[in-house]
Amino acid sequence: MKRFVLMALASCALAIVAQPAAAQSKAKPRARDLGVPFDGTPGPLNAITDVNGVEVGHRTLISGEGKLKVGVGPVRTGVTAIFPRGKASADPVFAGWFTENGNGEMTGTTWVDESGFLYGPVMITNTHSVGVVRDAVIKWQFEHGPPAPLDDWWSLPVVAETWDGYLNDINGFHVKPEDASAAIENAHGGAVEEGSVGGGTGMVCNEFKGGIGTSSRKLSEKAGGYTVGVLVQCNYGIRSNLRVAGVPVGKEIPGPPIWDSDTGSIIVVVATDAPLLPHQLKRLARRVTLGLGRNGSISGNDSGDIFISFSTANAGAGMSKTPAAITILPVEKIDPLFAATVEATEEAVINAMVAADTMTGIDDHRVEALPHDKLREVLKKYNRLAETK
Amino acid sequence: MKRFVLMALASCALAIVAQPAAAQSKAKPRARDLGVPFDGTPGPLNAITDVNGVEVGHRTLISGEGKLKVGVGPVRTGVTAIFPRGKASADPVFAGWFTENGNGEMTGTTWVDESGFLYGPVMITNTHSVGVVRDAVIKWQFEHGPPAPLDDWWSLPVVAETWDGYLNDINGFHVKPEDASAAIENAHGGAVEEGSVGGGTGMVCNEFKGGIGTSSRKLSEKAGGYTVGVLVQCNYGIRSNLRVAGVPVGKEIPGPPIWDSDTGSIIVVVATDAPLLPHQLKRLARRVTLGLGRNGSISGNDSGDIFISFSTANAGAGMSKTPAAITILPVEKIDPLFAATVEATEEAVINAMVAADTMTGIDDHRVEALPHDKLREVLKKYNRLAETK
Amino acid sequence: MKRFVLMALASCALAIVAQPAAAQSKAKPRARDLGVPFDGTPGPLNAITDVNGVEVGHRTLISGEGKLKVGVGPVRTGVTAIFPRGKASADPVFAGWFTENGNGEMTGTTWVDESGFLYGPVMITNTHSVGVVRDAVIKWQFEHGPPAPLDDWWSLPVVAETWDGYLNDINGFHVKPEDASAAIENAHGGAVEEGSVGGGTGMVCNEFKGGIGTSSRKLSEKAGGYTVGVLVQCNYGIRSNLRVAGVPVGKEIPGPPIWDSDTGSIIVVVATDAPLLPHQLKRLARRVTLGLGRNGSISGNDSGDIFISFSTANAGAGMSKTPAAITILPVEKIDPLFAATVEATEEAVINAMVAADTMTGIDDHRVEALPHDKLREVLKKYNRLAETK
Amino acid sequence: MKRFVLMALASCALAIVAQPAAAQSKAKPRARDLGVPFDGTPGPLNAITDVNGVEVGHRTLISGEGKLKVGVGPVRTGVTAIFPRGKASADPVFAGWFTENGNGEMTGTTWVDESGFLYGPVMITNTHSVGVVRDAVIKWQFEHGPPAPLDDWWSLPVVAETWDGYLNDINGFHVKPEDASAAIENAHGGAVEEGSVGGGTGMVCNEFKGGIGTSSRKLSEKAGGYTVGVLVQCNYGIRSNLRVAGVPVGKEIPGPPIWDSDTGSIIVVVATDAPLLPHQLKRLARRVTLGLGRNGSISGNDSGDIFISFSTANAGAGMSKTPAAITILPVEKIDPLFAATVEATEEAVINAMVAADTMTGIDDHRVEALPHDKLREVLKKYNRLAETK
């Protein structure tokens, strides 16, 4: 919280605070560090970037405090960009998507369904900034992007959102084209910042502070040695439903209600290097629901729970002008990828909540962080606190 | 187990043992009776039949033992019929369906999608008997059913299945048209038999004995006072993934593996008296996945996880020859029904496993029941054992 | 018609008249032979069997005449089997399906969607015989089929239907398991019998006699040299909507009405040797609607207009236990296959009507064949009669 | 063409020429006036506005000529707004949508699917301006719109597009938020301007000039007396496939090719006052494909053929906080609405081409109008020229 106040003081008017968390993020504990037990084996970063080639960039917009003045602030929002093969590549990836509850937006999905490919990044922002981000992606691709794979130049970007109007002046339209470009330019491999950053800046999850979270699973060599990485922008749920590692944490840490119903949304991006075709990637996207189920979600009416998955295998398949040789995973070998998707989704959501600090936004709305000590206490009460290194 | 042996001895050749569990079933404990904690308030029967009008009938086929002789036995299979408005009514119900993983069959669904109505019962049997049951439903409707609502007489029955080939001589095609008719004729309101009965006779769930399970939720008057009932034929999963009330029961009660992957399937029927339209019922069907997620499912490749939901409200809407007056629940009032679906699904699966006795089938394959004492012990270890009356 | 009377006289009771049309069929004119103009270039047989490996088999059941006696007759029905790689192969094909109007049944489609593969044949029969045919396919596969590709033996056959109750004792359930087997055993490459044969025996199309029809397109080498073949079991439509090559033939050849609304259905099977993936095959299936549009269809409420397409390319992809090398057609190269699907659908429907002879069935219901001379006359009136060789 | 030159001369730099066609449009012939025969009976305006309450507004942007200078021009684009209940109403309508080929965008559709409602207008613009229009709709709703029906204020606008980059500086992003507002403010009942106006300004259809077209059908009292109205923004197809009233007009009026494949797209909006539920409206949307089939479309890979339909019946259903009484059309009564949709789609496309004048755009790309005299000549050749009043 203090960090935020300092920021707000330091920023006059609408000054933008660029991702300050980078250096600190290594020091921040993640859910595993707190002793939350999860199934499966994560990759080295326990992040979506464990899938080779994936780059993530955030643009975080935090400024102003106090009473809402539409168009002025306070501002608690941002943009996140996820590039399957890095921003320097125009090579599309096989992709599939699924909606558990459609009170939300993900543009570009009819073309994903039709072509089987995702061309360009997945962008995530707030509900009322999807348009500006969408067109800005086109502009960036046109001006700075790699050569397009198609003859007549056009683009149908994939942009998703969750609603941050509890903390952010969402109807002030503070996200600008240059913020989308900045998220794109910031995209990099390696560790991914979590919590109140990028598109996740102003989000609320299970009535705790939410935002961006990530996790990954590395399969055994016997299971193919593939990696599955998940990134969530989590903004869904009510506290009483929250389970962590099966433990009824939400009920054990009661708090003043923020919502009277399951308001919010969660966007989930699933990446893998396993050679999956579009119809198989749809299957992966559908497994996200099972991960959310583990955490207690009921996917409420006000929630836009939309998931997209892609495979970085089969590079070049979408660039070829002639029939292309590709690889497909056998039907019977897909279960470990399903398990990995469920497990990494479960963990990414908890990582988002563990990483996010308490935040105060418009009209002094305040959303508390999930308290780490109390979380450990509850896990211990239910004999589910794992030993940590 | 002893019960089964006696049955087998008493039955020469292919004699059918008709539902013997009826009288005993009241004495059998259910998951709640064992102290498993669940969210929400069940209806009086904690069964799908808490939804007024719903009738359930089973036909159970158990005969033979020892080595598999295709066409002879052993037989461990059956048929279950669920009538939304009772078997005496031809009045269709609004319905919707969803597939989490499509390694299975549910006939009749294109017409459910198209018309928005379910005409007739939902039938559940084994994978290789879907056809015989389907045509038998048509025959029964033609000969004994109530007058058809449509002019030219035709029918597209809804018949679903899960695979019982581990215990049952599935390629012997032991289900006959008269077994389907018997399940239909046996349909009644009131308490529902659970465990190894009807279509669930030979099923395996999380590598314990599975079968039929049911549960319900009754909403508060403030939430509309509606009832949601769920019935499952559960045959999915591997033991290590099983969670009960969030507790890793599968890992805590290890056993000899039956499957090397998530083999099986689960058919789920969701009934409600809330006035939901077809597109809203699809939403209910999709929530089943979240209930399965709570129990640890990854919805493996070999699993046919197919769900159908219907509403008994708006009686007569499908019989009218002129525009019909109906009622629709507001979009914003649906969350309690979502929660009820998730919770009743979670409980119905555990009820199925709690009710099913250990069974031995073809080639002396033996599937152990979920041990009640051990289950309570594990729940206690994780501080999740509820007090029971 | 005379042929039918002779048949009926020669057959006592329920004797089955096996495909007598084989020898004559070469002599029968097809739509092109009558001067109907179509776009595109057909393959050598102008049949689905122009796609290498495809085999088609019919079993035709015709017996009895006069007043309907349920269970006795008259019988005007049958079964058609289409094997993508021939009946000797267990190697599945990539497949996709689509429903324009779902008042019908096609079993097995959830697994087609999920796996991306079609295992086994596509079977077509009457509405009330889907079940018997489905289970009979399993039995045939188990007893006579090639070794199954999967470990635990199970099958989810694809069986579709259209309703022949205007001519056939459909509630007499005259199709038996052995009829399904016979259709399978009769499957062969080469010319395909059209008209009132197999599953199409008792069908009515645009209030003329309908049934089985087929057509194909061979792409130029520049377009890849691929073949697209279409087979329809056509039973849809009302006469006033019928267009042939854009000409309002239905309005020009009025007749006594059979239906008061668009009753019937059409099942369409699209085969190709182009290397299409499941999501691309769904696209082909969706183009069938455009072909039906050319012929004037409105896809009425009572119509089950369900389409499935498959690709015989990528042999072995579904049999591999390890990641398999396959080929994918570029997104931008698919248009000629779309055009071929539309054109071959348009022609296959007209071929079915041109081939089908007038038939009398239950209660002396009589359905006239599309009169060839009158058709030519109308085409000439609209300056659309093509020169014929 | 002359009109355009004058406009260009009169406009210095980027001056916007606001809808000049209004006064003239009454004098312009429509397809029927030229003697094109169509099935069915249109409403009084033969326009989507025959459905009571529907309002349509255009904003047309035409400026500059000669060589493309990205960001400067030439500009040939615009925005069209369709309000189901007029722009003064916040009352949502039941809606459904369908994609025949998904190379395009229609935002907001996951919420249409989920809620069954369309909240606000359908907007249509060019491919690269979807974002700006989307966010502008939110801004307009927030600032000028009627009170929102939902508690927390948010919006997920429906915005669709087709690609006008052959004539328009599409990567110059000339559509501004105020253009979207202007289209909204211009919305009115009564006659609808067709041709090169609004979102349709720079469109190409079957390699003739395309744009906005509309048509309607009025059902007989026996069929319910309902109205179906269709509006298209048509930009699809290649000339050789074009059929008008079944006549191969495209082949008969050859011209220099613009595309080497089926480039473009078509957005279709279907309105009705029949009391259809969301799942029934999906059925209407699917019938659009049949209308396009009549006109010869193959729905090419580069085409975004996306359709949305809504019903203005059941006013207030989406505003109620308690279960609402609504009306549903019986399943068996829907065929006349299907026919109306097919017929009005067929006619609206031809109306768009008949109304659009020849246009020259970027780099002097010139797209010829469908020549009226030649069209009549060809219809006459094929004996399909209807008498006109």
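Per-chain numbering from 1; labels A, B, C and D assigned in written order.
Here, a residue touches a chain if its C-beta (ideal position, glycine included) is under 8 Å from a C-beta of that chain, and two chains touch if they have at least 3 such contacts.
Every value quoted in this text rests on a predicted model; they were computed, and no experiment measured them.
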item	value
Path length in steps (a step moves to a chain that is touched) from chain A to chain C	1
Farthest-lying chain, centroid of Cα atoms versus that of chain D	B
Contact-richer chain pair (by C-beta pairs counted) among B-D and C-D	C-D
Interchain centroid distance [CA atoms averaged], chain C/chain D, Å	36
Euclidean distance of C-alpha centroids - chain B vs chain D, Å	47
Touching two or more other chains - residues of chain A	101, 113-115, 283, 302, 331-332
Chain-level touch network, classified as line, ring, star, complete or other	complete
Residues on chain D engaged by chain C in the complex (per definition of touch)	100-101, 241, 243, 245-248, 261-262, 283, 286-287, 289-294, 296-302, 331-332, 334-335, 338-339, 342, 381-384
Complex interface listing, chain A residues touching chain D	99, 101-115, 127-136, 138-139, 142, 152-156, 159, 163, 165, 170-171, 173, 263, 302, 304, 306
Contact set on chain C toward chain A in their complex	113-117, 150-151, 224, 275, 277-280, 283, 317-318, 320-333
